[in-house]
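Chains: A, B, C and D, in written order; residue numbering restarts at 1 for each.
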Amino acid sequence: MIDLQEISPFSYYISTFMSENLHPVFVLGVSLVIYFIPLFYLSVAITTYMGRKTAADVQMRIGPNRVGPFGIFQYVADTLKLFLKQDSVVNNRKAWLHLAGPVLSIAFTLMAFLSIPVADQWYLANQKWSLLHVYLLMVAAQLFLFFSAYTSGNVFGVLSSSRILVAIAGFSVPFLLSIFNIILVSGGSSFVEVLAIQGGAPWKWMLFSYPTTAISFFVMYCSLLIWQGAPPFDILDSEEEIFGGYSVEYSGSRKWFIEQLKSLQLILSCYLLTGLFLGGGHFPFNLETFGRGAQAIQSLFFSLKVFVLVFISYWIRWSLPRTRLNQVIFFSFKVLIPVSIVGFFLTTVWLALFNGKGIGNLL
Amino acid sequence: MSNQNMETEETYYSNYGPQGGLASGPLKLKMTLSGERVVAAEPDVGFLHRGIEKTCEKLQWVALPSLIEKVDYLSSIHGTLALSLAVEKLMKIEISPRAQAIRLIVSELNRIASHIYFLTTMAKACGAQTASQFFLRDREKINNLFEMLTGARLMYNYVCVGGVMSDITEGFIEKTHDTIKYLKPKLKEYDDLLFNNHIFTNRLKKTGILKTSDCISHYITGPNARASGFFYDVRALSPYCGYEKYKEFLERSIKPVTQSDSLDRLQQRVLEIRQSLEILSLEIDRVPAGTYKEKLSKDGKVPKGEAYSVVESSRGLFGVYVCSSGGNVAERIKLRTPSLSLLKVVPDILKGNEVSDVPGVIASLDISVSEIDR
Amino acid sequence: MEKELFEKIKNRFSDSKIELLNNTGIAKIYIESKDIKKILGFVSTYFEEKPFLETIIARDIDDSFSVSYIFREKTGDILTFETETNKKKPELDSIASTWPGAEVLEREIQELFGIVFDGKEYTSNMFLADQWVGKPMKKDYVFPEDFKGIEHRRNPLKKEHERP
Amino acid sequence: MRGKKGTWTGSSSGELMKNLENALPEYAVFTKLDDIINWSRYNSLSYLTLDLACCGIEMSHVEGSRFDIERFGSAPVASPRHADLMIVAGTISYKMAPIIKNLYDQMPFPKYVISMGSCSNSGGIFNWENSYAAVSGVDKIIPVDVFVPGCPPRPEALLHGLVSLQKKISKQKVLVQGVFS
């Protein structure tokens, strides 16, 4: 018998609303749908809209304003248009990898969301090593993108594929180092354990609770920018250099999936940062009066943090020019890695000196 | 890298353009790449060859300015100015001081407009979308001025044989003052956007080095050459339209040569915007009274003979050779365009750079393809 | 200044035909086509610094091509040399070895006029589309009726392309 | 797909829909669906910039803050595979003509073309009498939906051209013609 509470707390939460006779697998499926539909459509829609409007605002333009009030249905129009467009396919023997690439990459990116709790007990997969698991899934998602770019039969796609590998190399080491720093501090290897030592108030966040975790935050933020290929590290799909890179041969619905993927990557990185550093869904006040609705409020609080981070990311995106490929690697290896190693050692020193207490505990 | 390694290296071939390239106009680069490095790059031109020189022999003299404008559309005033100077040499007319002053003003305005557009493409090439929008916004101000004076935003058809097409419109001088006042603080903003931005400067440094010896042997002129330490400015060397007054100013304000790379060329352009604004702010108050256009005979004929005159366009030395057989139609018109001399140097400049640098280097050379192809 | 140079050249190359033309507006030194390399080579060393080659102008005159070389000195003065070649077998010597910038200009003239420099004929076109017939800058050039299936003339009344 | 006399023939789905259309006296459902599909299409026209000559400068000004084509949901794209609309801005030479055809063929259906400026409309100053190397009009190579006159047209004119194209798209009968036409 499957113990829902152990393998998937969110499904257990959902099952409390439903009849007890239902098969756990069915409950799992339902909770997957409930979890992913808002994530895949609503959050991405909001992110896309935010991106376009932020861009317009930074560039002193108006941005889309013809469809619906303030152009809020722009995403709907784009989606519908792309799905009703011809899907031109590359005539290539290995083309199945190319064609399936965006969808597979999206699938792996979505899987990375499974173990991040958006509220107390609201996470789909209960894993012991979920921090590393997320890392592996992120690399896998990029690898599928690599395959799809490599088999696109386009020179710029191939160039982009090599850049994806470089970006994975540039992202992995700093990202893992900052994760190790967190594991060292929190003593746990999953999101649940990391969130357990954080509180709702800002001074109880991981970001401020130890002097070195702020360094980890910076390192992780930059490495996630490299992973997404977001400006200033948008070497993967820059329009001027390699004409869209991995997305150059996609049209129609596959182009839509690529755009979806970009937004999902942004959301995932903001999820990670919120869950690890910004206290996740912990609310500053006691929510016991709300009963079972407390988690909904927590998840809303979580998404608020996520969208603030998304907004900041877009702000950075539209302010900075692009770096070169070798500069990305230099930045990763010569700035991020030394900084995070130094942070790592400082953490051990701090933990040894103060018996593992954070700033908040000491005060 | 040693020669032996070069031979065993696996290379592949890629096209760059003609659609989507960053030069203004369709420029194609045939690139041989090794990984991300450019092993060889060969420009392919002719995608905008319209046969303007032949078309000049088909149309009447009156129609020529509107045709020569299209040779270098970003600095169209300079093309028409060179043509007018050449034809005036043939017709032996003296231009009134007022017309000369107006010509100087519009030519400097056009230089600013062209250089700001250069900054736009440069920012786009480096991925700074927002900065490029800022530059476009400022170019609109110059466009407004031109619209006020000539009624057009790009193809002005303003300078003509015997002077200029119309007199300075009411309020133009005040508006120009306003624009200068607006643009001067903006130049500081440009510095913040471009040269105080480490990402921007680091990616442009040491890319696309244009040697001084190449400039001299290929006779590359204009801002590109000036950034490489080859000071050649027609405005100072053989002044026209009253540039005599600013000869010393132009010779004095030379940027010291450092690397002759893309960043230097960018800095040179910003410096020239500053120069042009200085000249403009002096000249705009000095427009003398008089006629703006000399009376010409109505048959539209140009006396027999040959003439050759040059101006300093936004890209360098722009020359027009005119040959007339005494009729309504030109016998032969030949255009000497500054971008053409860059063509043979581009492979050397691009060689050894990375793919990421190619848009930046091409944009920093400010190649106008329409000028090469004609 | 042209006169001075003209005298110098005249004395140096006494056996070739050299004239000073000053009747058209631009003072030119006329030289024969076979002497181009010799005399222009001398000119390149005559001044303290090698003069810049500004442009090469080809013109179609009745039964011959006239080719003018416009040089510019460091001081800003221009210097013009003119030569002629017959239309039946237009050939000239190249000066690209002395002035590297001449290569593009000569190639352009070869493409548009058909004058071959140094016997080196380029097979691919630089400006014109490949497989272009004729040398368009000649006076007797007739515009093409169509090129690779695209009709040159446009009939304003005819609709060209319906949506497929 | 349209044949010679304005009749719709071609794809099988189109024929099926035509039969359906004949069978049903009222086809209000189609009209509504058409409206929705057309709405999505004309409100998100991403365009391929074919920056050939002078008009390209004005086209890049359209992206700028003063004119802001993104209000209409349009955005420039680099790859022809992502484009719905091609804006041909500038003179087309015989050397460029096959490339334009190629780019047009690479665009996925449904695709639209705006011809910007006199040169690409009809040759303009470089028409068949004046120039040997310029194609007199881009419609000799590819079908054109909207012609924007001017030398070069003002950015407002291009925006007007875009709006005209939007009106044209809004009147399409998508389900009858076949979705990918």
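To be clear about the criterion, contacts are C-beta pairs under 8 Å (C-beta built on N, C-alpha and C of every residue); 3 or more make two chains touch, one makes a residue touch a chain.
Note that this is a predicted model, so its numbers are computed, not measured.
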| item | value |
| --- | --- |
| Chains touching both chain A and chain D | B |
| Chain pair with more C-beta contacts, C-D versus B-D | B-D |
| Where chain B and chain D are represented by their mean Cα positions, the distance between them in whole Å | 33 |
| Approximate Å spacing (C-alpha centroids) for the pair chain C, chain D | 43 |
| Chain A and chain C: spacing of chain centres that average the CA atoms, whole Å | 64 |
| Centroid spacing, where centroids are CA-atom means, of chain B and chain C in whole angstrom | 24 |
| Per-residue multi-chain contacts in chain A, two or more chains | 59-61, 240, 243 |
| Multi-partner residues of chain C (each touching 2 or more other chains) | 127-129, 136, 141 |
| Shared-contact residues (touching 2 or more other chains) in chain D | 64-65, 78, 93, 95, 129, 132-133 |
| All pairs of touching chains, each written as two labels joined by a dash | A-B, A-D, B-C, B-D, C-D |
| List of chain D residues in touch with chain B within their complex | 48-54, 56-58, 60-61, 63-66, 78, 80, 90-91, 93, 95-96, 99, 103, 125-126, 129-134, 151-152, 154 |
| Complex contacts: residues of chain B adjacent to chain A | 12-15, 20, 22, 33, 35-36, 123-131, 133-134, 137, 197, 199-200, 202-203, 354-359 |
| Residue numbers on chain C that touch chain B, as the complex places them | 24-26, 52-55, 57, 59-60, 70, 75-76, 78, 80, 99-101, 103-105, 112, 125-129, 136-137, 141 |
| Chain D residues within the chain A interface of the complex | 36-37, 39-41, 43-44, 64-65, 68, 70-73, 77-79, 81-82, 84, 106, 108-110, 179-180 |
| Complex contacts: residues of chain B adjacent to chain C | 45-46, 49, 51, 53-54, 89-90, 216-219, 234, 237-238, 304-308, 310, 317, 319, 321, 323, 331-332, 334, 336, 340-341, 343-344, 373-374 |
